[in-house]
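Okay, got some structures for you below.
In the two assemblies presented below, chain A is common to both, partnered first by chain B and then by chain C.
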Partner chain A sequence: MDENQTLENFVLELRRGALILAVMSQLQSEQYGYSLMKTLADNGLEIDQGTLYPLLRRLEAQGLLVSSWRIDDPRPRRYYTLNDNGKRLLSKLKEEWKKLTNTIDNLL
Partner chain B sequence: MDENQTLENFVLELRRGALILAVMSQLQSEQYGYSLMKTLADNGLEIDQGTLYPLLRRLEAQGLLVSSWRIDDPRPRRYYTLNDNGKRLLSKLKEEWKKLTNTIDNLL
Partner chain C sequence: MQPKELLDRYIAEVGNHLPEKHRSDIQQEIRSLLEDTLEDRAQKEGRQADEDMVVNLLKEYGPPQRVAASYLPPQYLVGPSLYPHFLNAVRILFLVVLIVILVTTALSLVRTDPNPTDVGLAILDGLGNLISGVLTGLGALSIAFWIIQRSLPENKQRAIIKELEDWDPRKLEIPAPPESFKLGSLIAEIIVNLLAIIIFNVYINHVGLYTFFDGKWLFIPVLSAAFYSYLPWLTLLWTLSIFQCFLVLRQGGWQPLTRGFAVALDIYTILLALLMLIGKPLVSFSAETLALFEKLNLDTITAAQAESGLVLLTRMILTIILVVTLVELVQPLYRKFIKSALLESPKL
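On to the complex of A and B.
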């Protein structure tokens, strides 16, 4: 099997879980899709629309965020923000992240 | 949706990618399944056999580790260890992990 492909797949798996945490962390204040993508990219976490929007829909379906259209110039935008459930879950997820990174750093 | 179930799923997703890294990190020296599970559990990373063995088979199929049976007392054991490809990939994966944890820590 191609070695770079293997690395690529592993990196994707590594990032997949952390992505939820990254996205939720930025939705503590209101964001629209593009602003969210840009903030993440500026921090070195590239996420394409085909990954981001399904994730946002999933979080909304799970009752963790609210979204609404707003008439912005030049076009309407859908804004997303965590609700109280989402904020509570984010805070638990942060604790788990800290535990996990400590564990992995110990193992490495 | 049940909130604890949602948290549980997110935590599993968070751990899934890191698990490959954790397992590979421990296979720099030779281990058998149970010793590997125990080392991970002692570091706070519980992994069941139904997750570990498929992962080991996957790593072997990808040409990243070698394994062989040895006649131990009281029973034969299969020992696993990274080969050179696996070590090279582990070192790249570690770099990616460092980048990812820096990114997430900045975002949080």
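On to the complex of A and C.
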């Protein structure tokens, strides 16, 4: 495996670790899959199309999101948003993220 | 091909790999995402979505099987919580099959009057049965554990993993010292085996009973024809034992290879001892021997009793050798596999 490939893999690992926080941060308001993907991509965080929905379902199964189908849109779309548990968890995750980035900055 | 047809095929294929319960919901979701993406791309490129655009999008999305798998929890034949138990079961299975094959191979030889070729064929047959037995057992174990894996609730699986993680460093076993050897006992073993080879091959005509009669030592031959038939196999055993000692000396200690060699040698010893124990007597009084007894003024009854006594003695010695070798063989395997399995296994 060459150096570029190794770097790419490690960067992917770093991003993967931050993905949940990034996704949850955008679900404080209602979003559907594609809109969420676009918002993240516009902010520099590309998310694999095959990664997003399984992630959203996992978060929903963990009781952090609620979802509902809307058929009045141009096509049926499933909208997701954080529930109260999700909002509480997001706030804690933000704190943890700040601690983590401080720690890593000190280490680096 | 129409873009919609391609999308339909793709979504249908993803659905084929999803459980029925969530299939329709997930398919609808994927369709929604793909159609949104397609619409956005068509807008950006200023043209209608066509077959190429759809193909590229679907390729980016990923193969249907992988997309379906991403929605499912990891699928295991034997999951992480059960895997240690599975490994222990495999070890026990191997041990049990090995013992059964050893016994059945020996018993099959007992029924006939075995010659060296029969013994060789029986060993080969035993090896074949061992391999097929282990493979069959492995298959059955895999199926059994798969059933348990599917039936075990997720909370129970998590509890098992957690139990494995609740360990006390103070309860860990003291590590065994490096596989050293006692030089004295190796040398003694080499000498004893060498002497046995020399005595029973060069001086075999002097192996028997001695009695002082009429001012001189009288030699009474006692070894039977059956013993002579085993002699090549005994010589091979002694030779291999010497070879093993040299290997250990050369390698500076017991290594996996020499340990394996020792196990094979133990199995060989057990089979041979069993054959000799159950086969024809190793000692018997020939006509020449009986004539000597007559010379010593001992009647035939006394001679018969002496012969029985000698036969019993040889069988006792063989039994002791058999039992000791069996214990030597099983003890390290018991310590390594079964004892550690029993200590490590959390309750299901």
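The criterion applied here is as follows: the second predicted complex is superposed on the first by the 106 of 108 C-alpha atoms of A that agree within 3 Å, B and C clash if a C-alpha of one lies under 4 Å from a C-alpha of the other, contacts with A are read in each partner's own complex, and residues count from 1 in each chain.
By our rule, a contact is a pair of C-beta atoms (placed from the backbone, for glycine too) under 8 Å apart; a residue touches a chain by one contact, two chains touch by 3 or more.
Predicted model, so just to flag it, every value in this text is computed and none were measured.
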item: Partner chain(s) touched by A:78 [first = chain B, second = chain C, both, neither]; value: second
item: Dominant contact partner of chain A by residue count, chain C or chain B; value: B
item: First (chain B), second (chain C), both or neither touched by A:97; value: first
item: Chain B versus chain C as contact partner of A:34, first or second or both or neither; value: second
item: Partner chain(s) touched by A:44 [first = chain B, second = chain C, both, neither]; value: first
item: Residues of chain A contacting chain B in one complex and chain C in the other; value: none
item: Residue ranges of chain B in contact with chain A within the complex; value: 1, 3, 6-7, 10-11, 13-18, 20-22, 25-26, 40, 43-45, 61-64, 85, 88-89, 92-94, 96-97, 99-104, 106-108
item: List of chain C residues in touch with chain A within their complex; value: 26, 28-33, 35-37, 40, 60-62, 66-67, 70-71
item: Touching residues (chain side chain A, partner chain C) in the complex; value: 32-35, 37-38, 49-54, 57, 69, 75-78
